[in-house]
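One structure follows; several queries about it will come next.
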Amino acid sequence: MTDSATDSWTVAGRTFTSRLIVGTGKYKDFAQNAAAVEASGAEIVTVAVRRVNISDPTQPVLMDYIDPKKITYLPNTAGCFTADDAIRTLRLAREAGGWDLVKLEVLGEARTLYPDMRETLKACEVLAKEGFKPMVYCVDDPIAAKQLEDAGAVAIMPLGAPIGSGLGIQNKVTIRLIVEGAKVPVLVDAGVGTASEAAVAMELGCDGVLMNTAIAEAQDPVRMARAMRHAVIAGREAYLAGRMKTRKYADPSSPLAGLI
Amino acid sequence: MTDSATDSWTVAGRTFTSRLIVGTGKYKDFAQNAAAVEASGAEIVTVAVRRVNISDPTQPVLMDYIDPKKITYLPNTAGCFTADDAIRTLRLAREAGGWDLVKLEVLGEARTLYPDMRETLKACEVLAKEGFKPMVYCVDDPIAAKQLEDAGAVAIMPLGAPIGSGLGIQNKVTIRLIVEGAKVPVLVDAGVGTASEAAVAMELGCDGVLMNTAIAEAQDPVRMARAMRHAVIAGREAYLAGRMKTRKYADPSSPLAGLI
Amino acid sequence: MTDSATDSWTVAGRTFTSRLIVGTGKYKDFAQNAAAVEASGAEIVTVAVRRVNISDPTQPVLMDYIDPKKITYLPNTAGCFTADDAIRTLRLAREAGGWDLVKLEVLGEARTLYPDMRETLKACEVLAKEGFKPMVYCVDDPIAAKQLEDAGAVAIMPLGAPIGSGLGIQNKVTIRLIVEGAKVPVLVDAGVGTASEAAVAMELGCDGVLMNTAIAEAQDPVRMARAMRHAVIAGREAYLAGRMKTRKYADPSSPLAGLI
Amino acid sequence: MTDSATDSWTVAGRTFTSRLIVGTGKYKDFAQNAAAVEASGAEIVTVAVRRVNISDPTQPVLMDYIDPKKITYLPNTAGCFTADDAIRTLRLAREAGGWDLVKLEVLGEARTLYPDMRETLKACEVLAKEGFKPMVYCVDDPIAAKQLEDAGAVAIMPLGAPIGSGLGIQNKVTIRLIVEGAKVPVLVDAGVGTASEAAVAMELGCDGVLMNTAIAEAQDPVRMARAMRHAVIAGREAYLAGRMKTRKYADPSSPLAGLI
C-alpha cells in the first residue's frame, strides 16, 4: 500500500515493509503456496529445513515457485525437540544456503507443540555465538523473553495459541507485557485463525505476525492470504493511529442541538 | 483495492464497492472529516439532519468538502426520540435535498442511546409507505429484524455495543443469527472501537459496518480511517475465504518426516 | 446457607431467599427433577402449562414429586407464539390452579427461540390488567425493559444467550444497563451453561437466574444443581462484597520489606 | 458443606477438603485476616516468610489469630528474585517452624511479578533434594510444568493473570493443557478477581485456587471470602457434574407437543 509505505520494521539489520511472515506447510502444492505468498504481500517465508527440499536439484524445489531473490527465506527448526537437534539442523541450513537469519523453535512435546524453553534458551545462546541471527518461537513469558534477548535473540516470537489451533490471541495481557519490555521486534507466532485475530496481534503493538495454517487451511487460501495482508496493515495502522477510549455509557455522535 | 473490485453489495437498488459507512460528527472541522472519508474509501457518509447544515448557503457546508456527486449522503435522524420526530425530520430532508435512501434511528433514552424499537417499527412503516428507503438502526434482535424487513426496511443495522462506547462487537451470536435470517443487507452500526472489531463484524457475514466515533476520536483520525478501510476488506475477504476450523490440540504445520 | 440468610429478594410481594429458579423440562423423570430442585435450593420452579399435566388426576403429576406447598410453581407460556396464545394459556392456568404469578414468554420463531417483543408487550399489558403478575422473558434491550415495566411486568427476564444454547452470558454490558435502569427485579433467563456463568449473572447485579438445560442436560443433573446453588450464592455475595479493582500491572501481595 | 464432604484432594501425602488457599497480605489487621480465612473455609494459608513475623515472641503474631493446629501454614518465598534467595528463605522457615510443605516462587522482575522459570526450576531441584515438598508458582507453560514435576514439585501453580491484577483467568486453553498433562495437583495461583473467575479455574479441572488480593482488597473482605468458598465449590461440582454441550441454535426446554 503506498499509503503505508513509510512504515517499516528492521530485524538483524534488514528492513521490511510487510509485517506478515508466511509459512510453507500444508499447501496443496508449491504453486498454491506461491500464489498465497504473493497475495499476502509477505517479504519473508519460513521453511522447515527438515521437510522442504532446499538442495536436491533433481526434485521440484520451492525456490522454483518462490524466488529467493525477491522473498527472504527464513529457515526454521520445526520438528526439533532438543537444542542439539535444532543447532545441527541450522548448521546444515547455513552450509546449504548460507542463511544466518533463522527461526529457532525447539518443541517440548508433540501433543501441545509448546516450546521447551530450557532447550530453546540453550540453543539460542549457542547459535548466537556461532553468528546466527535467531528469531525465536517461545511461550508468552515476559521474563523468558528478556532472557532470550540477553542470549542473542534478534526477535521474540511468542505463541498466541497452540500451533495450528486457530484459536486466536488467547493472551493479550502477556503479549502486551512482552512488547512493552522488549528491545527487539516481537512477532506473534502461532494461534491466528482468521483476519481479525491478526489485527488484534498488531493492535497490541507487535512488530509482525507469522502464520501458516490460517492461510493454508482456509477454503480459499489465496483469498485468505489477501485478507491477512489487509488485516496486518489494519491492525498496524490502528495501533499507530491511537484508538478511542472506551466508554461505559453511550455517547451521541451527533450533539443534539440541531438546526431544524 | 483492485483485487477486491468484483465484490460489491446492493441496497435499495444502488450498488457500492466499499462496505464502510462513515459518520460526520465529532470531527475537528469539515476538512478533517473529508480527509478521513477519503482515507476510509467510504462511498457513503451519514449526516444528522438536525445537526448539519445542508441547506443554508450563507454558512459553510459539509458539501463543500465532501462532494455529494461522488459520495452518497445518507441523512439520519440522530436526536429523534419519537416516530413522529423522525418522520418529520426525514420529510424535511427529502424536501431539502431529495434524499429517499435514509438512515432511521429513534432513540429510547439519552443514557444508553438504545433505540426504541416500538417507535422505530412505527416510523419504518410510515416512511416505507411514503416511498422512503429506510436503513434502520436497531437492537440485536433477530425477530425485530424480521419485523423491520416486513415493514419495509431496506437494511438492518443492529448495534454491536452502545453508540460511542467503542466496546467492540459484544453480541457475535445474535449478529450471526440476524445475518442468517435476513433477506436485506445487515450492517453493524455502533460499537466498533478499533480495526480488529470492524473485521469481526465482517467475518460474521455482515454486508457492512457504519462507524463514527472510532475514527473521529482516534488520536489520528485519518490514519484510523485508513486502518478501518483495510479492516473491513480484511474481514470481508476472510469471510469469503472460509476460515480454518479451530482445534483443541496443536497441529504441526510441518509434518515431522524430514529430509535431513 | 445460614450465612446468607439475611439476603432475600421480593417479587410481586412475595419474598424468597434462593435466587435460583429451576425449570421442569428435559429431565429423565419427575423423581430426577425433584432431586435436582432439592439440590439446587430453589424455592420456585417454572412449569410449561402446555406441556405439564397440572390437572388430570389419572396421570402421574409433577406435584406428587415437587410439593407446591413448599415450592412456588411459576406457570410459563413456553410454546406460545402469539399474545393471544399466551394470554389464553395463562387464563387456563389460573382457572386450573389459581396462579397469578406467572412467567410470560411469547416466542418469535422456532429457530432461535427469541421472544417476539411486540407480542410480548401486548400480552403483558392485557395480563397485568387482568390481575396477573407477569415475570417476562425478553431480549436484552434496556428500552423494552422499561416498556415492560410500564406495562405491568413484575420482573424483567432478559436472555443471556439463546434458550438451551449454554453459551454463557453473551451480553454483560446490556444486562448491566438493564439492571441499572430497572425498578423491578431482573433475572437472567436462558444462556447459562455452567456454574461460573450463573455467578457472572449475579455479579452483574441481577436479582436471580432462571435455568433449565444447564442442569437437566448435565451428565449428573443433581450434582450440577448443587453446583448452581453455590454459584448463585457466590455471585451474589461477590456482588455485595464489592470486587477489587483490576490493575494493568502486577502488584505484590507481600510488600518486599522483610523481616529476615 | 456436608454435600461435598466426600470430595477431597491430596498434596504431598496430606489430604484437604477445601480447595481454596488464602493469602495473608494486604489485610487491615490480623483479626480481619483471620475472619476472612474462617469465612473462606480454607484449610491452608500461605505466609510470606520474609514479611510475616513467625518467630519473634515479643511482637503480635499471625498465629495468635489463625491457629496453626487447625490451619496448615504454607510458607512462601514472596520477594525472592533468585534461586539462592528462595532456598535460603525456606531453610530459615524450616528451622523456625519445621515446615517442609512450602510454596516456591522466584520472581523475574518487580514490574510484572512474573516468575523466572530458569531460577524457579533450579530452586525446585535443590529444595526437593533437601526434603522439601515444593508447591511451585509458575507461568502457564505445559512443558515447564512437566519439568517442575520431574524436579520434585508436589503441585503446579500456574498464574491465571499477573499477581494482584484481578484480571481473571486469561489463559483457559493453557491451564487445561497443564491439567491434562499433570500427575500432581494443579492450582491456579494469581489472577482471580471475583467469584465467577474462581469457578472458572475449577471448571477447567484444577485441584484448587490460591488467592490473596481478590479477598483482601474487596470492599468487604469477609463477605468476599464467603463468596469464594461457594465459588470454588460451585466450579468443582460443575466440573464433576459434567456440563451440557453448547449449541449454536436455540433448543426449547419444553417440547411443543402440549396437553392443552
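Letters A, B, C and D mark the chains in the order given here, with residues in each chain numbered from 1 onward.
Assume a residue touches a chain if its C-beta (ideal position, glycine included) is under 8 Å from a C-beta of that chain, and two chains touch if they have at least 3 such contacts.
None of these values were measured; they are calculated from a predicted model.
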Over half of the interface residue numbers used by both subunit A and subunit B, so same, or under half, so different? same
Note, CA centroid farthest from subunit B's centroid sits on chain D
Chain centre separation in whole Å, for subunit D relative to subunit A (CA means): 35
Let me have the rounded angstrom distance from the C-alpha centre of subunit A over to the C-alpha centre of subunit C, please. 47
Intercentroid distance (Cα basis), subunit B paired with subunit A, Å: 33
Two or more other chains in contact with one residue: find those residues in subunit C. 111-112, 114, 162, 165, 167
In the complex of these two chains, what residues of subunit A are touching subunit B? 1, 3-4, 23, 25-26, 39, 48-53, 56, 76, 78-79, 89, 92, 110-114, 162-167, 193-200, 203, 212-214, 216-221, 223-224, 226-231, 233-238, 240-260
In the complex, subunit A touches subunit D at residues 108-109, 111-112, 114-118, 121, 139, 141-144, 146-147, 161-162, 165, 167, 170-174, 177, 181
